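A, B, C and D are the chain letters, set down in written order, and residue numbers restart from 1 in every chain.
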């Protein structure tokens, strides 16, 4: 039986599988349908300093092989999160990665500061939400802004910092290098790709926000490419995500260079997907004579 | 019966439907399977100044809702094209759009010059092929290079110039504005999105070129978004493409702001797709009380 | 709530574009109550998102769920559903949502409104109320035209009033026109139907001084409260979200008519 | 060449992982010849690209195409194909490619090699040759193991020699080992099989001083010569491409063994 443990920025996960921010709530909703103890980590919905209302509806649209969302980072704010969601997650034997969002540098730092004393394992900083005007994408599409906010956050953070990158850029490698220079402990990618759908009967945008973030299997090849390019560009570990449906997709991402993988949209179709991904990776390692999951990271020839 | 004619950069097409460069050869191969006379225009495979061998195989990989290709702009060169393909296309009542590629400014200009005296209707300049190192993408990801090559080509071209844009950029609007400043008569978008596939059994890249250009329905929402953003940014007409399977997809693209639409990967599945798109658009116009196809261009609310 | 494969037992066309499907899904049927829904996953992998469909009826003993749905258009997922045949399997998740709290109705005069494809869940509700209370309540059903569906089945549990948009059956106009016409009153109103109808129901409920509950629709992804895709606006801060928003899939689809903005 | 819906008439498992499918596709069957192939489109819209499968047999009068294919793995498109049932429809495009020019064989001694899933097209070829010439030629078939398929049918048209990788039937080793073993010679060789086998066939063909034709495989998108996805390297500049490249789908899949790099 191959060793499934990974070490990512100093934190040990029992297996390399987590769930994507925003697709799993804070775990509570899916706890009835899947065994949270089976996950290497749970990554929470984006948490802001105060409650956010998010965008108008419709917020969801279906597209071929995926979906668009424009939730707009609705959330109850960090205080409720600390009171309600951390205690819930602490009941499980899994790492807690808190996804952090903000409209401004100060808002990010406020959340990071509030979490400094809390029992969470890692912070994932969302500088790539395409659905909120000031929701971080300004930081996420410009290398020097990305480097700057990373270094600010690093000064405040008590937990390892994962910077979450946007695919809506000319060069993902440049973005990854920028956050690495800023001191990021890891990167996660990809956030959603900006897309649009128009209802031809009503001639209206399918989403109230006009554009939305595309996720699901349709984005997987882009995600694999970006993980590969990032792995060639930086030395910090990568959490790979984007369209992972099953172990095969996850293994592909790891071969491209991801140390860990994250299941997002597929949760909506198969709530046990992340568990099944972990099982499938383990089987693949055993079938192919690997003794540890780390052996397949970046192992594409 | 609504008027299906469009005028794009001074050239009248009998309907707004063409086929994407590289997915229809020079028309010959599909002439047995579809009626070329039914198309507004045929857009040819990329033509270079001399024969190009293209990339190693495998050049094709299947992905969820689409495909990756890394043909690498194989072609017989402009001389053969002029002798063999133009006379073939002239037999049909359709406009001829020649897609032009090159490794350097000089190579582009050579093709443009050679075509100046030929009976072709428009030039589409591919500055966005992700599969050839010097195949134009350097021009296609940087606004000032794009503006520069556009203005050079405009000095030489005798036909209206369509600049074909890459989606692999942070801001498609900036790219479109750049080529508009350079004097482009129209833009076409999107070219393929760079993706990657890894065979987990062999742990090798599915494509010899490692990365490939993703096309097909999976990219459609990204293409619609980029057409919309471009339409907001420039005044020149747009030829919209990316994942169009049927009239509904094409109408969506036109509502987003495309004056014409182009069918690509779907030809491989349904060789009559472009014809059927034209028929479907006409039916939509009639059913919804439009008297001319131009009324739906950019008509999203 | 369970994610399961359900076997299609029976498919029938009830009216133009309206279909019924019976599924064998014992665990889900056992838990179900009126006003809840199930997510249906299509056998077309390009279309990942579930179709939320209300439970029109359920039989916990036989393990059967009954769904009634409208085909929304050419090429839609519901059109694909309508081509499926008995013996085929469908992935479903459910029962989802809160459903109607029938216990509130024990000692009330109840008036039910169902409009269009909002009619099916009200059949299950009428049946539950009848089972609980042994007496018929008033039900107003609004159809587009004389292509009625389910209407006869309601008669076993309720006094049925009908409106049609085109006047080809019952009262011409809305369900409110029909209710006014019949002078219906109550102290508890329960309704499901399109937005404009629900707004009408809200005024009517106010007018007759009743409490009201309505069932809402919104685009969904997860169906379990995790993605925050399906929220509706609320008149007060919601306990879970801490903003003026509630999740239709989890906190609803049935809401106190005063708590939601219609 | 036609894009058409073909009805599945018959499906059978011939050996572990090897399946036969008979399709009713009259226009395609009428045009077909040995060595050509058809594109099969899967009833799964997430998988758009065709599966090119050689025509193993055709009956122009009955309108039937016979295909034999290997399931390449779990979750593959060919696995999905193997779950389809008679009466279902499949989209196909074909016949595609050049096929074998049997007229070249009229006055020649012919030796056929088929390896693995390259065996099925050679059955159609052996049959055509027999029909043309009324005499049997030599056929060498290479299998993995004693799970043979189609082998008996060849015997009606050819003298059959067999090799298996594991020696569990016939000569242990490659088709070349079996050919050498039997001392086969010819002045025309025709072959289909995996790359290493074809390289062996090329040497053998040289050795015995014969002309040779081989059928190649490559990843395809269009199947009609338009996309340039499926090229193979050629030893001389190709007439159509003007580079040392030819399209397997259009200029092949059958090539003069000296024209292609193997």
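Everything that follows uses one rule, which is that contacts are C-beta pairs under 8 Å (C-beta built on N, C-alpha and C of every residue); 3 or more make two chains touch, one makes a residue touch a chain.
None of the values given here were measured: they were computed from a predicted structure.
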Which chains contact both chain A and chain C? B, D
Measuring from the mean C-alpha position of chain A to the mean C-alpha position of chain B, what distance in angstrom results? 34
Distance between the CA centroids of chain A and chain D (whole Å) is 47
Centroid spacing, where centroids are CA-atom means, of chain C and chain D in whole angstrom: 57
Quick one: which residues in chain B touch 2 or more of the other chains? 64-66, 217, 248
Two or more other chains touching the same residue: where does that happen in chain D? 45-46
Assign the assembly's chain-to-chain touch graph to one of these shapes: line, ring, star, complete, other. complete
Report the residues of chain C in contact with chain A in the complex, numbered from low to high. 1-3, 41, 45-50, 73, 93, 218-232, 240-245, 250
Which residues of chain A touch chain C once you look at their complex with the stated criterion? 22-25, 29-30, 32-33, 45, 51-54, 57-62, 64-67, 69, 71, 74, 76-77, 80, 201, 216-217, 265, 267-272
List the residues on chain C that touch chain D in their complex, please. 44-46
Of all residues in chain B, which touch chain A in the complex? 63-66, 68, 141, 168-170, 193-198, 200, 203-205, 210-211, 214, 217-222, 224-225, 228, 243, 248, 251-252, 255-256, 284, 296, 299-301
Interface residues, chain A side, partner chain D - complex: 64-65, 217, 248
